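Submitted below is the structure of interest, expressed as structure tokens.
Chain naming follows the written order as A, B, C and D, and within any one chain the residues start at number 1.
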Amino acid sequence: MIKAAIVGGTGYTGVELLRLFAGHSNVEVTAITSRAEAGTGVSELFPSLRGHYDLKFSVPDVAQLAECDVVFFATPHGVAQAQVPELIGRGVRVIDLSADFRIKDIPTWEKWYAQEHACPELAREAVYGLPEVNREQIAGAQLLACPGCYPTAIQLGFIPLLEAGVIDPASLIANAASGASGAGRQGKTDLLFAENNDSFRAYAAGGHRHLPEIEQGLGLVNGGDVQMTFVPHLLPMVRGIHATLYSTLKSDVSQEALQQLFEQRYANEPFVDVMPAGSHPQTRSVRGTNMCRIAVLRPQNRDTVVVLSVIDNLAKGASAQAVQNMNIMFGLNENQGLESPALLP
Amino acid sequence: MIKAAIVGGTGYTGVELLRLFAGHSNVEVTAITSRAEAGTGVSELFPSLRGHYDLKFSVPDVAQLAECDVVFFATPHGVAQAQVPELIGRGVRVIDLSADFRIKDIPTWEKWYAQEHACPELAREAVYGLPEVNREQIAGAQLLACPGCYPTAIQLGFIPLLEAGVIDPASLIANAASGASGAGRQGKTDLLFAENNDSFRAYAAGGHRHLPEIEQGLGLVNGGDVQMTFVPHLLPMVRGIHATLYSTLKSDVSQEALQQLFEQRYANEPFVDVMPAGSHPQTRSVRGTNMCRIAVLRPQNRDTVVVLSVIDNLAKGASAQAVQNMNIMFGLNENQGLESPALLP
Amino acid sequence: MIKAAIVGGTGYTGVELLRLFAGHSNVEVTAITSRAEAGTGVSELFPSLRGHYDLKFSVPDVAQLAECDVVFFATPHGVAQAQVPELIGRGVRVIDLSADFRIKDIPTWEKWYAQEHACPELAREAVYGLPEVNREQIAGAQLLACPGCYPTAIQLGFIPLLEAGVIDPASLIANAASGASGAGRQGKTDLLFAENNDSFRAYAAGGHRHLPEIEQGLGLVNGGDVQMTFVPHLLPMVRGIHATLYSTLKSDVSQEALQQLFEQRYANEPFVDVMPAGSHPQTRSVRGTNMCRIAVLRPQNRDTVVVLSVIDNLAKGASAQAVQNMNIMFGLNENQGLESPALLP
Amino acid sequence: MIKAAIVGGTGYTGVELLRLFAGHSNVEVTAITSRAEAGTGVSELFPSLRGHYDLKFSVPDVAQLAECDVVFFATPHGVAQAQVPELIGRGVRVIDLSADFRIKDIPTWEKWYAQEHACPELAREAVYGLPEVNREQIAGAQLLACPGCYPTAIQLGFIPLLEAGVIDPASLIANAASGASGAGRQGKTDLLFAENNDSFRAYAAGGHRHLPEIEQGLGLVNGGDVQMTFVPHLLPMVRGIHATLYSTLKSDVSQEALQQLFEQRYANEPFVDVMPAGSHPQTRSVRGTNMCRIAVLRPQNRDTVVVLSVIDNLAKGASAQAVQNMNIMFGLNENQGLESPALLP
């Protein structure tokens, strides 16, 4: 039985980890921390967990965390980098769901997150947890940086095209939309129900923090810099990311060849589902699951290729992908605890 | 391994059964029928099931169904009563999710459903599948009538009060609201998204078909007729029923005594969760689960007692309760396949 | 041209007043105050008002307010009572949308609002602005207390029954549900989109501040105390209140007689629409309007009478009713500025 | 007083015309037709119109329609072209909200709409009703073809860039999303509330009928063919279109110059609102209005320019734009009846 702790468990990725671990037969959650809610039972804050956990939130305590096999950070950026070094020093494995260890180029991280990085050397050593690219390194990782939600959906959509070298890597456009849970569980006016229901808008169109992460990941896949325009939008729904990706074909690749390219690339991936040609994946078809569903098409046979990629931002975009990574790191079946179908309708 | 068939699998209770059986280690779904979709793969119609089922919809065939251990009817009322007699005759166990076998008084059924009943004797023999009342009979049932969604939420809320004899059985009021999935997967104008989002309304306030079912069930519990006013409402959401129940206390029972009454009544029930005093159960806390969460209170210490009861209409209100009944009928652990926490947020 | 000021204009009732005044030919808004947003243009905060107002939020200034003909308070409770006495002293007419002047019995107000009242004598003099009951007093009012949202929908539903003396005044039950805008524009975690979408729950079931206001109003109509059980619920939608009202008939009044009772009571009311028997009013049918739509029925011909009453909580439940009251106070056509049909769909 | 008739008034553009005409002081609706609902009162079908119209739906009758000054077609494509020739022959002015007269190249129309066109010569004579481009011709039009909803939002976003010649006209990408009312008021399974709430998906990504209309309009503005990739999406909300537009700059145009370009182009347009740089227009800010709000930006100062354009699909995207066109055709103030601010929240 793997002993796991969760740091910062009062947010949506925290409760999603708890939901997933309730059905994971190899994991026992031994601690969950929150300064603000210390002493409160997790099922008081999240009644959906009544009957599943007796656990209470506790004040973070390195000694206690160090007794675990793995510690998950479900915290805002800036928190993990302050606590991780000591845990790493004590030999604990760490899976960070925040942005602290995703970017290898420290000045880039510091520019986008507007603070100094506390442990640049760990950032450089951390393994980027996108199993479809890094499965081997993940298996041996001590410090794992889980990808962001947009970066997961967008990279999985562009990877086959870049690896095959069929698109111009400077032509990437990612038009993406996220459910409101992506903004976290924080009492901000512009996240209110009454501000978002029955409305839709873009945000951070001038520059979103996930842009450098995506360009870094796709640059590695491409073997050279890529350039992407990225416009995120806020959907009047709770869970789900839909990425609509555009890029320019460098040569004449047929719809059939594109379909085949995607099917072959992901033939052995348990959590990427290439839909039949002509499909329009719905976000609800992946709700609560670790699946990414993808469709590729070439409208009017012109030279713009379109990819539709959907994930659940809290699952494959955060907590379920963290569990997938943990399964790989601990030599378990990769889909242990991640097998339930989506809740539909 | 229990061989199960589903008749009428293209509706929401059908796909919910498939979702639940995907995680049930003792059941294999061997057939799912639909005249309209015969030949279509279930995962074509419901992409959430891709990778979980290879099954195709087939034309109903009694011989094939008769080879199963259990047949689920997820059909509109009127269908099961035409097909069940032959299956019963061949010794198959039948779990009917429709209204065909819920009402014992045939003239009452025929009045509310405006058609002649095809097999009154089977209706009288059928066991009403509310495990919190009928667990023993369910274990021995060959023909099981699953309760309606509103009847489940409402009966579980009134039962402790009526059994204890503390309320006037002629004073019952059930104000209930359901998510839109309760109306089924049928292309009606007044069920459109654009007709229901950001709006709320009552319906069938003059008389809903679940009224006689509830009064029958509560009458048995009460040992004498009860009278209920029942107003259902349509919520701008997908899943969930919230019942707000009112009745008049016959004697002075304190808030504490009411709380104790409920906790004791349901102490051993795996799927009824009595919340702490002062709680307001949310429908999302039971989404996708077989749980009913209940709170009881006595506002201003007056003589009206209020009960709040929530379920997922497709789960405890239909398919998951059907699985619970099946587990009991086949001697399995009652919560086999029904253990996942709700999807929240 | 009436010069109007709005105190506390950054909330939903503030922006709703601005929306309505944009179409009101007799009113000019000369000031709108907000300490937090002083200096910000109203159309910066509310882009829907771009092109309609050049106004900026300003710090409240009694001298400036005193130059207006009427001052609207769209503030949380407790604010108006601190500022109103001086304005009243200077002869300004005041329309308070908050709860400060609704309750005549000061100890009751102080108990439910948990603070001392700053000007009890003004509270006793204030006119309660429900035009369907108090039209004459409203015309002469200097200080007008606008009814709460629930109290408006609920009182209009019970008034004909109580006035006619056909129901037991101790048997009242009000099961009501409100859109999320009713909770105001404040950054609280439990009002987030991700906490409320696709879910439904009761709140304040043990006692809501609108209860004493409703019992006071209905007591006056009844000519003696009434007793009501009131359970409010939070809907996953933005605007709208739906009240489902139950009471016990004292004598045998037919469905037809009940229908006639309501139609006669409201025959001359421009903003109460009695729907045909058998109707189920939808909240969206009154969205953005000052209308209350009502249906009355007697299910199964039993002795419980049911009333369905819908309003827009921000309109007839707050700002539009405030405009209706202003129209009456200033001798204008009562529906000036309030004539647009609802936005449907 | 202009006498107006509406053909096909049971859909969403029909009821939206009625809503708008209720507040238009120069128009009297004298007939509204529907074969299916002949004899039904409009306020029976649409309770939001109770008190505003006594009108009943009637069977279409050319003689009756010919007595009107203007006839609006709010019908599916194919209907107007069968009835318009006779009305035109009798001298009636016709405003068609359907797609029948939008496309000048008849083979293109016939290919995308999969039927023969009944009156090609009228299609060639019809004036395309985008006032921001065709105001003069609209004033003299007898047959006016109202633009589609997506075409309105998308053309208004690209026009300043194409007119100024700063983008590559073969590089256009339109990623757009619409509320569910855009799909009309028809009882289709995939438009159900339970199918669309809390989910998001693309549709018709391989080719949508609005593509040739947009390419035709932008080609005229550009003075030469344009090429656009267009992916529409279905939003879990009722009203609103959000278009996110991408194109490649041909030369180095600064963010400031782009802003100025848009502000100058639309300086005199009453219904196009260029937002300040850095804005993210929300669909709710135009709900129920004829306004198009636009923002333009150049992310990371790269050579992709992004335009965000929002409209209400039923208003500026259909019925309100039809009223704007009628105002121009009849020499009225262009914003008569179109002045109310959006309903927000």
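What we mean here is this: a residue touches a chain if its C-beta (ideal position, glycine included) is under 8 Å from a C-beta of that chain, and two chains touch if they have at least 3 such contacts.
Because the structure is a prediction, the values reported are computed rather than measured.
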item: Required steps from chain B to chain D (each step between touching chains, minimum); value: 1
item: Reference chain D; chain at largest CA-centroid distance; value: B
item: Cα-centroid distance, chain A relative to chain B, in whole angstrom; value: 36
item: Chain B-chain C separation of Cα centroids, rounded to whole Å; value: 38
item: For chain A paired with chain C, centre-to-centre distance based on mean C-alpha positions, whole Å; value: 45
item: Multi-partner residues of chain A (each touching 2 or more other chains); value: 12, 179, 181, 185, 194-195, 197-198, 236-239, 281-282, 284, 287, 345
item: Residues of chain D defined as touching chain B within the complex; value: 12, 179-181, 183, 185-189, 191-198, 236-238
item: Footprint of chain B on chain C - complex, ascending; value: 173, 175, 177, 179, 194-195, 197-203, 205-207, 211, 227, 229-231, 233, 235-240, 242, 244, 246, 278, 280-284, 287, 295, 297, 299-300, 302, 304, 306, 308, 310, 345
item: Chain B residues within the chain A interface of the complex; value: 12, 15, 18-19, 22-23, 46-52, 181, 185, 197-198, 238-239, 273, 275, 279, 281-282, 284-288, 291, 293, 314, 339-345
